[in-house]
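As written, the chain order gives the labels A, B, C, D, E, F, G and H, with residue 1 at the start of each chain.
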Amino acid sequence: MNEPVLHRVGDKLPLLLQSGEHDLCPGCGEPVALRILLETIAELGMAASTVGVVGIGCYTVFSRTLDVDLVQALHGRAPSVATGVKRMLPDKTVFTLQGDGDMVNEGLQEVLHTAARGENVTCVLLNNGVFGETGGHMTATSVIGQRTKTSLEGRDADYHGYPIVIGDLIARLEGAAYVGRGSVQSAGAVARTKRMMRKAFETQRAAKGFSLVEVLTMCPTGWFVPTAEGPSYMGETLAQVHMMGELKAR
Amino acid sequence: MAHGAGVSETVLVRGTVRIDTEACKGCDLCIPACPPEVLVMSTDVNQTGYRYPELLAGCTGCRACLDVCPDFCFEVFKYDRPIEVAVERR
Amino acid sequence: MSKRLVEGSEAIADAAIAAGCRFFAGYPMTPFTEVLENFAKKLPAVGGVCVNAESELEAVGMAWGALATGARAATGSTGQGLSLMQESFSEITLAELPLVAFNMARGQGDYFQSTRGGGHGDYRHIVLAPMDITEAVELTQLAFHLADVWRNPVLVQGDYLLAHTAEAVDVAPIDFGPVAPKDWAADGTMSGTGQSRIISPLGIGKRNTPGPGMEAHMQAVADKLARIAAGEARAETGFVDDAEHLVVAFGTPAKFVRYAVRVLRERGLRVGYVRPITLWPFPTEAVAEAATGKRSVLVFEINAGQMVDDVRLAVLGAAPVSSIGGISTDSSGFGVGALLDVEVIAGRIENAVGVAA
Amino acid sequence: MKRVLPPTLSYRMGQTTEREALLTGIGGQGVQLAAEVIARAAVLEGRDVLLFGVYSGVMRGGSSDATVVVADGPVQAPPIISRAWSAIVLHPLSWEAVRARLVSDAVVVVNSSLFDDRVDADRVYEVPATRVATEKLDNPMAVSMVAVGAYVALTGLVALDSAVAAMEESLPSYRRHHAEANAAALRTGAELVDALAAPAWPTVPA
Amino acid sequence: MNEPVLHRVGDKLPLLLQSGEHDLCPGCGEPVALRILLETIAELGMAASTVGVVGIGCYTVFSRTLDVDLVQALHGRAPSVATGVKRMLPDKTVFTLQGDGDMVNEGLQEVLHTAARGENVTCVLLNNGVFGETGGHMTATSVIGQRTKTSLEGRDADYHGYPIVIGDLIARLEGAAYVGRGSVQSAGAVARTKRMMRKAFETQRAAKGFSLVEVLTMCPTGWFVPTAEGPSYMGETLAQVHMMGELKAR
Amino acid sequence: MSKRLVEGSEAIADAAIAAGCRFFAGYPMTPFTEVLENFAKKLPAVGGVCVNAESELEAVGMAWGALATGARAATGSTGQGLSLMQESFSEITLAELPLVAFNMARGQGDYFQSTRGGGHGDYRHIVLAPMDITEAVELTQLAFHLADVWRNPVLVQGDYLLAHTAEAVDVAPIDFGPVAPKDWAADGTMSGTGQSRIISPLGIGKRNTPGPGMEAHMQAVADKLARIAAGEARAETGFVDDAEHLVVAFGTPAKFVRYAVRVLRERGLRVGYVRPITLWPFPTEAVAEAATGKRSVLVFEINAGQMVDDVRLAVLGAAPVSSIGGISTDSSGFGVGALLDVEVIAGRIENAVGVAA
Amino acid sequence: MAHGAGVSETVLVRGTVRIDTEACKGCDLCIPACPPEVLVMSTDVNQTGYRYPELLAGCTGCRACLDVCPDFCFEVFKYDRPIEVAVERR
Amino acid sequence: MKRVLPPTLSYRMGQTTEREALLTGIGGQGVQLAAEVIARAAVLEGRDVLLFGVYSGVMRGGSSDATVVVADGPVQAPPIISRAWSAIVLHPLSWEAVRARLVSDAVVVVNSSLFDDRVDADRVYEVPATRVATEKLDNPMAVSMVAVGAYVALTGLVALDSAVAAMEESLPSYRRHHAEANAAALRTGAELVDALAAPAWPTVPA
């Protein structure tokens, strides 16, 4: 019998990444979500016709390595920038890459208006319930009881207010055609999230309107947990409120 | 243990991975992600000081490890047909 | 093409479209509202897009995106709305995008905002201040040209009167010569090639095509701004040579001043004027030259005294410089106050130079 | 042709003749239309023109004003005029304010129907615009057109035919059916005065 | 039989108005809503312990006549200003007075964050689906088919996007304790709206969290309808999407 | 009280609280983040409130509301965040509210933003620029005092180094004297009396208690600003009297410059310095006086050249003025570049005055 | 009309209103709001040029007009007991 | 007491003595704690103090640096020092950069355990801090405390007891149990050198 043949079934780097090196923390969920995004773009054959708009957060470091034409937006402003790009390039695929601080704090208005307008772009939210980049402070998506630098004892509704469950909120807007929330908690979650990512971009390609993929990502640094406990801490906190699933599909 | 060490067994192997141990930041996320539990953390550390995963026999080439690794450390391969590998009994 | 009677706000939109502007986004605010309305009316007909943005922040963001694709694009507002855009204004300058912005000011209090930049950092916008619609048609087109030539934002500074006056004008495209192809645009065509592009204020490039880095990039932009300062200043002078006194004014108020100077000349007063057409770069040399040997230099502006700083910096003590303008507004705060009157201005000039009115 | 802008423009005083008209009335009298008609007529004749309308508090019956400048070269005047050559006064409300902005020998066309006393100015032309519009034309909306007709006849600032053509241009589409009545009003107004009694130009275009 | 005695059952001016004169258009619904607000404050005995924060729109003219200590906010910013006031004066009643342009366009983010935070203030929205003040342009609440200066043929979803149904959106936020939507379409609607207004302020007094009263108001000028048709036009357009009723009560 | 070792960001919060600040709102941004964190930690203990605002726009709005009730309140950010606040900054000045804002700048590029105001209109903020923590403790307290005295916003301008250095300081309350009672505050107590109050940038009052109206109000504020300009300028000078050359610098860089001047004096160079402590009002007289008779005036600032304008305006040609600073940052853009070094600065001074280094 | 004009009838009146006709902007909103339909617009105009409501007999003092009027034109009164008023038949 | 600020302050050169210490090492060696200990000890002794720490790329094993200035009057030095009086060098990584910022006769305490060659400087004091910490104290975390102990003994910049007290203050509550081991390390370090071999002050406080 001849030797068995090896087939590569998983590249080290997704097609659209110039390098896998980055200085995000160990156990960070953001690069995992990034792979999902890039693989989807490549698999849908959109590599050469995509423009991305990147917000400001830890993920901003990927601006240097994403092999996609990019516009670096200011903190919170990516959906409007994406609108301008899409209006001038209606045949291209346009996405944003934002964090919860970027999208739900500083830029809440931008994403809601973009969604209500039914703008035919795809926003990708990396939701870790903290401003990772500034050192792990509470954001508008941090859930009650969640530990952050500004809520070391856990977020307290009376003192800090309540989280905004952004995916659900956006799903209520008529202009939103697709909303899905996944996570990178496990390989299974990654696979499910990837299906959502694909649907979101297909929604854009079918010109059905606004799409959002929210990905819950681990931030062991901001949550003050060991990297290995990131996924389970997410499951006990963020994922209890920002519940996973397809929230809207048109 | 009842069975003495060094007793050899056969394991069915459908795939394998190449691990960029120098890129690894030792986050441990790949370990529980691997369905057949064939990844274990090293005792050694890499140049940056992190422990990294090592592959035992029995990989299925499912790419779960690749999918969850934040540092792009894995490359995953599948054999066109399973092979049998003899391993020391753990 | 023959002349048509056109309101300023319409002429601006027409001129922008003649210059190739294909994207506009704005949020209503008096007296900018009609500029927005005219873009909304006219852009679709030429295959362009006008978005009635949900706020000024959205508006400038959208323009940013459109510019990044290589399109000629613009936004605008009135003082307050522009204040909200300052973060973007600063960073879009560092991103070297050729934004054109229309500031339909309430009064002309916004000289500092326009020329010093309200945002953080070292950026400057080229600021063009037309005195009437005929000039606005030309300067609007020039704005798009300069923005592309320099890859730097250009502000067209108008006001209530400019927006709401009509003149007989001919909005024909003006050829200012070629501009470099926009091989920097992020239009998706380089995605996946390993040479993909990024438009960023941070001076970064990609792993495969690295940028200069933060400090070097900021320095490069500063150097570019210095070149603009050296080469793009524009001014108009009149009655300067034999004048004993000089008046400096810009924008619509300058049209009043010019007329007042004519009136005073007829009355025998030896007065001249210089009118900065670019507020930044300030026409330092033209002002300094015109001021040479004058007994007094008077600055008329509709605010508490802002351009007077730049006039002093130009004159540098060679002649006494004083302000003869001031705050002037109607009760709504949008409109025109009592100072915008040729006789009032002539009186202030006479007063300042010691002629009994 | 490629345009190159010189860094410093030198302004030279032109030989242009400029004729300013201040129009004043109250909301509903058609002041803005009247100003537009004069301005557009002048454009049709190849003149340079400036038009600035202000109307405040229309709802409460406030005054409505407009400024037109017609010139035989680039208009030098700013949009607010301190010393105007002429005025069309449809209502007494803002007459005093307008008078302060006229040259001493200004041409003033006055809607005498609404003035109790004679208007005190050098070159006043009394035109009973409201009465003519209401009684003769049975068209109370046409007050301003009557006055404009009289004004252009008197001054020749623009030709009457140009005014009629301009009026048609100025009407929004949903008011096009007023064109005929307005034309009649313009012509009627013109007949109320002596042609070119106060000529605007040295030689009036034919 | 002696002469019948007259009792005044309705004052010309609500207690907290220094003058009824204003230069809003004939048939405008905003002054009607204002009366509801002021009567409620007076009837709940809060006259001497209330601070208002006023946004920018046609209603801003009432800043001069409202006999309440006021802070004039910038366009869109009233909820944050109200937050600052309330935090320093927790025992006072604090409300905002805003239009749809103010609250749902320029200030969407402010009101959502304030509501999510569970800030104990009452926001009063005068929703006419237009920027009345700038001349009747479409806003983020204009409904499909509604006539505005920027949508003379009626708002078209494909071209203009979809309206934001703000009351419903806010009701979804945990921090919102009371949300009601009424109108000033008729005397009956006024009475119902007034009950909502009362409940909103009672919610604040009980420190239960954020409250919103949305009042649909006529803008005959911006809608290009005769004043007498304002109420029916509202019924056919705005009220079909922004549906009246109590949306949340805690 | 004895001295403690305190980081700048903590010292600022401590000093503000010692001055009676009871409200703070902010949004994290390096290097301002730690200032916010310290307020969040410390305000509750004194019965105050710190809100982790959801963005800079919310933060400044909240501060506005707190100020309107008569409380001492503050906000702050870094250049970009402050750009977003410019509309509010302009209008809060017209509303005459005593805001204190902390600008923890990245570099010191924000001189124009701070002194010219990025917003529309004619407003100015008093700008205090401490050179170290000891001075920051004093100037922070002074900021609250001046804000109340003038009913005008005061900006405290720090930077990365100020926030992240620790010094031994004693944060004791400083008594700058009484301020007028805040009988203008909108605290609800006048509601329903017929004499209710309004805090508004528009110069309006109520029907029963009318305000001056837009134009008069704007003029009144401009007049007030002129009085501030005339009375509140502060500066420090050193080694000026016998100096041949003068260096001007502010903030942390001025501490480097002062040290460099000492070093150069030891090397025998006759150089002095003047350090504006208030950037607005700019200490024009102090600079002009110090510059009198000097062979050169050198301006060192960490930006492409901003304060140099004000120095030129002060010196008005009496001595040659040149820039010896420049853009200088680490790769993150937050931190400290190579120019902040005593030897580098000393070398630039020597170079500029023609001494072989 | 079948019944000649001038025939007098009695109407029960429970209340009345005082109308500030000079403040009125003629918007018509009060007219349909009045349940007994006793408000009609004038043919005359006020000083600002607007027609304004006039009260016929039969007011109930319900204050509906007051509640819907944007210009604060109404003051509403109720009689402690209904009175009868003779009116010309319309 | 009411404070009145004069509009123009006049700076007079003081007679202060300032002693600068640059500390350098790599992440995990305790450089920041070491700097804080010296700074706090000086504060305890009533000195004026400036402390500035910079640490970059700690995750990737980058260098960790800090600057301390101790003075007998208001500190004149800015937070970044070009000419320092002394240095504590725990690791060779940034030694060259530090050396460039020292005065020619600077006092340099070197962790000789990690240097292969002798450090070339005028007043070098070799302290085998890593070896002592690991072998003698069985406390590899204490490297920096050993070095600080040696440094303060050598220079008397602060008294050893002050350093011990300052160390206790500097530990976060969850690390208080390290106090004793750290104190031992400080004292051990002090014994490795000759007391006051390189005195910081003209007269060292008792």
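Following the convention adopted for this analysis, a residue touches a chain if its C-beta (ideal position, glycine included) is under 8 Å from a C-beta of that chain, and two chains touch if they have at least 3 such contacts.
Since this is a predicted model, take the numbers as computed values, not measurements.
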Comparing the two chain pairs, does E-G have more C-beta contacts than A-C, or is it the other way round?
A-C
Work out the mean Cα position per chain and let me know which chain is farthest from chain D.
B
Report, in whole Å, the distance between the mean C-alpha point of chain B and the mean C-alpha point of chain D.
91
What is the distance, in whole Å, between the centres of chain C and chain G, each centre taken as the mean of its C-alpha atoms?
58
As a quick test, compute the distance in whole Å between the mean CA positions of chain D and chain E.
45
Note: chain H sits from chain F at a C-alpha centroid distance in Å of 33
Going by the contact rule already set, what residues in chain G reach two or more other chains?
25
Taking each residue of chain D in turn, which ones touch at least two of the other chains?
59-60
Listed in rising order, chain E residues that touch 2 or more other chains are 25-26, 74, 105, 108-109, 113, 117, 140, 160
Of all residues in chain E, which touch chain G in the complex?
4-13, 17, 20-22, 24-32, 35, 184, 186-187, 190-191, 220, 226-228, 230-231
Of all residues in chain A, which touch chain E in the complex?
105, 108-109, 112-113, 116-119, 140, 157-158, 160-165, 168-169, 172-175
Can you list the residues on chain C that touch chain A in the complex?
22-23, 25, 49, 51, 53-55, 57-71, 73, 87-88, 91, 95, 186-194, 196-202, 204-208
Contacting residues of chain G [partner chain E, same complex]
15-16, 18, 20, 23, 25-29, 31-33, 35, 50, 61-83
Quick check: in the complex, which residue numbers of chain H touch chain F?
1-5, 7-13, 36, 39-40, 42-43, 46-53, 74-83
